[in-house]
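Lettered A, B, C and D in written order, each chain numbered from 1.
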Amino acid sequence: MSTVLDEDMGAGAGQGAGASRRTALSLHRTELVLALVAVAGFGVLAATTGGNILQPGTMQAVLQFLAVPIVVGLAQMVVLSVGQMNLSVGALTGLCAMAAASLMADSGLTPWLALPAALLVGALAGLVNGTLVVLTRINGFIVTLATMSVISGLRFSINGTGTYQDYSPGLVRLGRADVLGLPVVFLVAVATAVLVWFFFARCVAGRMLLASGGNPFAARLSGISNDRSVVLAHLLSGLLAAVAGVLVVALSGSVNASVGDDLLLPSFAAPIIGGVVLTGGVVSVLGTCLAAFIVRLVDVAQAQYGINPRWVDLVVGAVVLGAVLVSQRRGKGSS
Amino acid sequence: AGCSKREAGSATGGDGSTLSASEIKVALVPGGPHPYFQPWKDAGAEEGKELGLSEVTFNETAGWDQTKQNDVLSSLAAQGYNAFGIFGVSPENINSTFTDLTDQGFQVASLASCPAGDENKAAFCLATDVEVAAYRAAQAAIEAMGGEGSLVHLTGNRVDSNTQRRIAGVEKAVSETGGKVELIQTVTDIDVDLQSAQRAVADLLAAKGGDIDGIVTTAYNPAVAAAEGVKEAGLPIKVVAIDDDPSIISGVEEGSVAATVTQNPVGQAKVGTYALSKLLEGCTMKEPGVAVDSGSFVVTSDNVATYDDERSAKTDELMTAFQDDYLSC
Amino acid sequence: MRVRCSQLVKVFPGVRALDGVDLDLRPGTVHALLGENGAGKSTLIKVLTGVHRADGGTVTLGEDGETRTVAFSRPLDAQAAGIGVVHQERNLVPSFSVAENIALQALPRRAGVVDRAAVRDLARRCLAQLDLDLDVDQPVAELSVAHMQLVEIAKALATDSQVLLLDEPTASLTADEADRLYAVVRRLREQGHVVVLVTHKLEEVFAIADVVTVLRDGRSVAGSVPLATLTRGDVVDLMVGRAHTELELSERSVDRAGTPALELRGVSTSVGHRGIDLAVHRGEIVGLYGLVGAGRSELVRALLGLDSVTGGEVLVDGDAVTIRSVGDALRRHRIGYVTENRKEEGVFLTQNLARNVAVTVWDRLARFGLVRDRDEKDLLATYRDRLGIRLSGPDQLAGQLSGGNQQKISLAKWLAADCSVLVVDEPTVGIDVRTKAAFHELIVELADQGLAILLITSDLPEMVTLADRVAVMHERRITGELLNSHHYTSMSAQVIRLVHGESAVDDPPAA
Amino acid sequence: MPWWANPRVGLVVVIAVLVLGFSSARPAFLDVELTLVPLQRDIAVFAVVGLAQLAALSLGHMNLAVGRMAALAAFSAGLCYDRFGAPLVVGLVVALVVGALVGALAGGIITATGVNSFVVTLALDFGLLGVVALLYDRFAGGVAFSVRPPGLDALRSDTFSDYCAGSVCGPPVPLLVPFALVALLAVGLFFGRTRQGREILMTGSSPRAARASGIPVGRRIVTAHALSGLLAGLAGFMLATANGAFSASIGESFLLPSFLAPVLGGTLLAGGAVSAFGTVLGATLTSVIQKGLNLLQFEADALQIFIGVVLVVALSLDRIRQVLAERRGVRP
C-alpha cells in the first residue's frame, strides 16, 4: 500500500462521528438548560406571586427543604456512577435520622457524638450493600431492595410508631439558623455537593469510580478493581444518605419512622433529570442540584398558587417532561 | 356441560356451632403501623384475659396495602384465629375481605373505620365517624379562630374514601359559618413521610402564613408538622390536630396546639374484642352490619387532664349498649 | 526481558482457544503472531496480560540465569512485570479525556488528588512519540476510530514496558499512521524491547518483523521461526494448513445498458454532500474509494435513511424512491447494508449467533407468525460453512467470537437477507487472508448472479481486485470515475490523483 | 448444558426449600383454603405485574407508571360496569385496550422525543395520578365504583374445585390463575417466537445495531410499551377483581414488585434478555416468603428485616449453583 494516500489525514479531525460524543456534550447542555429552566421558573414564580417568594422567610423555606433532596439525589448519583442503583437510600436516610434522634433522646448523647454515630451507621449500611453486591454477584437492584426492607425494619424497631421531639434544642436551633439569609442546612448540602464534585472531578478514587462505570473492562485492563469501585460507591452512597438523615434531624425538630418513605423516586429523579445516565460513567453534580431545585420549585408553586390538589400531579408531570424535553430538543437541534 | 357450582361450605366455628371462651382466638389487625392503633394492643389483650379467651393478638404488618392485609388475615385464619377486628386499608375494597372471612365462618368486626358506601359486611362496625370527627375538628378550629377567617385543611392520601369523607366534614363545618370562614386550601397526600408534611407546612406558611387563621389537620404526620411549624414560625395560627399521640398532647398542654380531636381506640379494641367473642359464643347481632360510633372528643387545654375519663365513660357506655341493644344472646 | 510460554492451554465453554502454544520472545526482536480468524492470537495475548487465566502451561520471564514462572491473575500484575498491550478491541473510557485515558493505568497523583498537569504532560509525551498532535483534553468519545486506536497505542507506551503486545494495531489506521507506529516499533526494538505484532496485513509483517509464530486452531504450527527463511506463500500455507492458491478472478463483463439497480442523481445530504451522481447496475461491482473521512460511509448512511438525503433523486430500478430507514431499504427496495462499525452496529454482542444472522429474515422464516429456532440454526449453519465462521455453537454469544468472525457474522446477516443491491462498507477489516479470498470470490459470485454491489473499502488492492468501476470521493464530492483495468500500478496512480481532487484524465491508463 | 445450570432451576429449588421450611415450621402453610388459594391469587396478580414491567425491561427501558396504568385501566372497566352495565368480559377488554393505549402513548413520547423512559414514565405516572383522581371524582363521586357485574364475585373468590362435573371437581386453583397463565404463555411466545418480540429484544440489546439491521426501532419501542400497558391493565383488572372493587388505589403498590419479579427471574435491567417463566418464579418466590413469614407472625419490624434477609440468603444459595456451573465451564 502506498503512503502517498494519506497526506491530508486529519483534515476532518474534530468533526468526528459517533453518538457517544453527543452524551458528553449534551451533559453540559442539559446543565445549561436546567439552569435556564430553574431561573425562568423562579422568575415566573417571583413575578406572579408579587415577589412573595423573594421574602426572606419564603426563600428560607425554599432552601431549607431543598437540602435533603440535593443530598439524597447525590447519594443516588454516586451509585449510578458505577452503573448500580441503591433502592435503600430513602430508608437509610430515615434510619440514620432515627438513630441520631434515639441516641440523643434515649441515650442522652450530645449531638457531637450522636451525629457522627449516625454517619457511621450510614457508611456501614452502605458498606454492607456494596459487599453483598460484590460477594454474591446478585443484581445490585435486588440486594438493595432486600436491604431496604431490612433497614425499614430497623428504622421502625428503634421507636415503633412514636415520634421523637425535643431531642436537642441546640441542634435544631442550629439546623434552622441561617448565615446571610442562607439556611445552614442548605449550606451543608451545598458544601456536600462541592465535595462530591471535587471527589469525582479531581480525586483518584472518584476518577476510578467513573472509569469503572464508563467501561468496566477498560478499567480492569488499566488495573482498576471494579469490585472495589462498587463497594466504595455504595459506601459513599450510604454516607451521603446518612448526611441527609442528619440534616433531617437538625432541620425538623421531630422525626419518626416514616422519614424517608417519600425519598426513593426523588432520589432517582434528580440525577436522571440532571443528565446522569443509568448505565454509569457520567455524573453531573450541578445537574442533580438544579433538577432538585426545579422539583422543589414545583412544590413551592403548589403552595403559592394553592393549586387544586387534583391538578397538581398533572402539572408536575407536565413540568418534568417539559423540562427534560426542552433540554434534549436543544441538544439535538444544535448538534 | 354437566358442570355445576358446588355450594360453599364453612371452615371453622360459626354457622350455628358455638365455641367456648378458651377456644376463641381474636386478631386485631390495623392497616399498618400507626400511633393511633397502639392502644389496641394492650386494651385487646386485657379484655381477652378478662374474658378468658385463648388469645388476643395485634398484627400491624399489613403495611398499608390491601393485598398484604388480606394476606395477613388469611395467614392468621390459617393459624387458628377465628375472630377479627379489622381496620381496612382501603375502605372501598374491605367489604370483599369481610365477605371472604364470614363465608368461611369467621367473625369479623370493622374497627376504627367503616367500609365505604352504605353496606357493611362485617358483623358490626365500631368506629369514629371520620366525617363527624373532621367536622368537629374543623368546628374546634373555627371556634379557636373566633368564628371567622381563613382555614387550611391538611390531610393524607387523596384516593382514599376516608380522606374524601374528612374533606367533606371540614367543608360542611366551613359552609355552616355562612361565609365567615373561608377554606382557602386543602393539602392532601402529605401523610406518607413526616418530612414531606414538614415541607408542605413550611411552604404553606411561607406562601400565605399571614393570611391563615387556622389549620385543621386530619392525619398524623401533618398534625405533628403543623403544630411544630406554626410554633416555629411564631404565627398566631390556631392549629387543630388529631389523636392523642404524646407529641400532640404536649402541644395542647403548652398551647401550640389549640385543640385535638381524639378518638377512642381503647374502646374499639375492648368492646370489639368483647362483642366478637360473644358472637363466637353463639350470640347474634340484632341488626347485622350496624355502625356504632365509638366517640370522638375535642381536647383543649381546658380538658386535657380529664378527657380520658370522658373516654372511659364512653367505653363503658358502649359495652352496655352492646350487651343490651346490639347483641342478642 | 525474555518471555517464554510453553504448552499454554485456554479453554472456553465449547472451544479450546489455546491448545498447547509455545512462544519465545527474545529482547530486541519484533515478533509477528499470525493465524486465521479464531486461531487464538487474541486469546494468547489476553493470557499473557492477565485478562484470562491459563488453564495449563507456563509462562516464564527473564534470561537463562534468572528466570521466574509467572501466572498473572489480573492485568495489573502483567503491567507490573513490564508487559504492555494494545488489545484488538478498543478499551477506552468514553467520557474521559485523551490525557486521562492514556495515564489511567497509573494516574499521577498528589495526596489522592489527580495531578492534572502531570497527566497532560505524560499524555503529550506519549502522543509525541507517535507524532500525533491531539487536544489531550478532548473526551475520547469525540475522536475518530483511528485516533482512538492511536490513543490506545499511546496508552501502552505510557507504562514504558519491556514487552509490548500489539493486537491488530493497524486495523483502522491508514498507511501513514501505521508507518508512524512502525517507526516507534523499530525504535523500541533498537532499545532492546520485544514487540509482538498481530496482524492480517502480511506486507506489514514482511516490512517490520524479525521472527514469526503461526497459530492454527490454538496450536503453534511454526514456533518463533526467523522470517528471513520464509516466503509470503509459506506463511500463508502455514496459517491455512494446506497449500493456498492466490485467487484468480476471471474477467467479468457487465451490461450497463439497462436501468441501473441503484442510481443517485445530484444527491445532496444533511451532512454536506452535494451533487452526487452514481449508478450501480445489476451484476456490477462499483467501488467507492477515498481517504479516511472523505464521506463515503456518510453518503451511504444517508442513502439508507440513517442520515437524511436533502436533495436530488435516488432511483431504485428506475423509480424515484425515498428511503426512510434500513428496514425500508431492506423490505421495500431490497437493498442491504453491511456497516463498517461492527462492534456498535454490525453485531448484537449480547445476543446469540443464530439470532444475529437471522435478524434480517425473520419475516421470511416465520410460519404462522412464529419463528422456529431450528430454521435460524440452519441459516447460521449455511453461512458458517460458506464463510468459514469459527464458532462453538449457535447459542454462542456474538461477543464471544474472535474479531474477524464477528465481521463475518455481520456480513452473513446481509447475505442471508437476499437483497438485490448490497452496500458493503469496509467488509474485510480484520479478516484473515483465506477468508478474504473466499469473500472476494463470494462478492464476484453474487455479482455474477445479478446483484448490484456498491463496495466501500480503504484497501486499494482489494478495490482493484474486485471493482468493475471505481468512483473516487474527496471532501464529500465525487471527483471522478474510472473503469477498473484490474492493473494495480496504473489504477492506483489514477485513483490517487482523484483522491486529491485532481483530474485523472491526462494520464491514460497503462494497459 | 446440564439441567441444573439453568438459572430457572435454581429459583425452583430455592422456592421448594422455602416451602419445605415454612410448612414444617407452620403446617398451616399447606392449608388449601386459607393459604394456598390466596397465595396463588397473589402470585397470579404479581406475575402479571412483573410481566408488564418485563415488557419494558426487554428494551432496557423502565415503566414507572405500571401502577397508574393499572389504575386507569381498572377505572375504565369500572366505568363500563357502572355506567353501561357492561358484562364482565367487556370491561376486561376495555381495561386491556386502555392500558395498551396509555402504554403506546408512553412509547410514542419516548420515540418522538428521545427522552429517557425513566423520566417519561415518571412524568406520566404523575400525570395519570391526577387524571385517575379527577376521573373517579367526576364519574364515581369519590374513589371507587360500587357496581359489580355478574360473575365478578365468582371470579374473585371461587376456585375450580367449586365447579364439578358429576362427582369430579376441579383443582383448588382460583379462577384468576388462568389469566396469568394466558399472559405468561402469550408473553413467552411473543418474545421467544415472534418476529416482533425478537426484534424488540434485539433493539434492547443494541438500538444502534437494530437500526442498522433494518429493525423499525421506533415502532418496536411503541409496541413494547403498549404491551407493558396492556399487561398493566390486565393486572389492574385482576387486582380489582381480587380485592373486590374498582378503586383509585389499584396499583399503588405495584412499582417495586413489578421490578422484583422479572429481575429475580433473570430478566436483565439492561435489556435484550427476558424470561417470562422466570418472572412467574420471581413472583412466586416473593409471595412465598411473604406468606411464610406472615404465618410465623413476626412483629412489623422483624417481618421486614426477615423478608430482606431471607431474600438475600435464598439468592445467595442460588449463587452457589451458578458458581458451580461456571466452574464446570457451562455458559449461562
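Methods note: a contact is a pair of C-beta atoms (placed from the backbone, for glycine too) under 8 Å apart; a residue touches a chain by one contact, two chains touch by 3 or more.
Owing to the predicted nature of the structure, the values given are computational and were not obtained by experimental measurement.
Seen from the Cα centre of chain D, the chain whose own Cα centre is farthest off is C. The centroid of the Cα atoms in chain A and the matching centroid in chain C are 43 Å apart. As a whole-number value, the distance joining the C-alpha centres of chain B and chain C reads 72 Å. If you average the Cα atoms of chain A and of chain D, the two centres end up 30 Å apart. Centroid to centroid, with C-alpha atoms defining each point, chain B and chain D lie 32 Å apart. Annotation for chain B: residues 33, 158 touch two or more other chains. Chain C has no residue in contact with two or more other chains.
Residue positions 133, 208, 300, 303 of chain D each touch two or more of the other chains. Applying the touch definition to all chain combinations yields A-B, A-C, A-D, B-D, C-D. Chain A meets chain C in the complex at residues 1-9, 11-14, 16-18, 20-21, 23-24, 202-205, 207, 210-211, 214-215, 217-224, 281-282. Those residues of chain D that touch chain C in the complex are listed here as 189, 193-195, 198-199, 201-202, 205-206, 208-216, 272-273, 329-331.
Across the interface of their complex, chain B is touched by residues 26, 28-29, 31, 33-35, 38, 42, 45, 132-133, 136, 142-144, 146, 154, 156-158, 161-166, 169, 239, 242-245, 247-249, 252-253, 290-291, 294-295, 297-300, 303 of chain D.
Per the touch definition, chain B reaches chain A in the complex via residues 33-35, 37-38, 158, 184-189, 192-196, 198-200, 202-209, 221, 224-225, 228, 232-233, 245-247, 250.
Contact residues on chain B toward chain D in their complex (touch as defined above): 1-6, 8, 11, 32-33, 57, 59-61, 63, 65-68, 70-72, 74-80, 90, 92-93, 95-97, 99-100, 103-104, 116-117, 157-161, 164.
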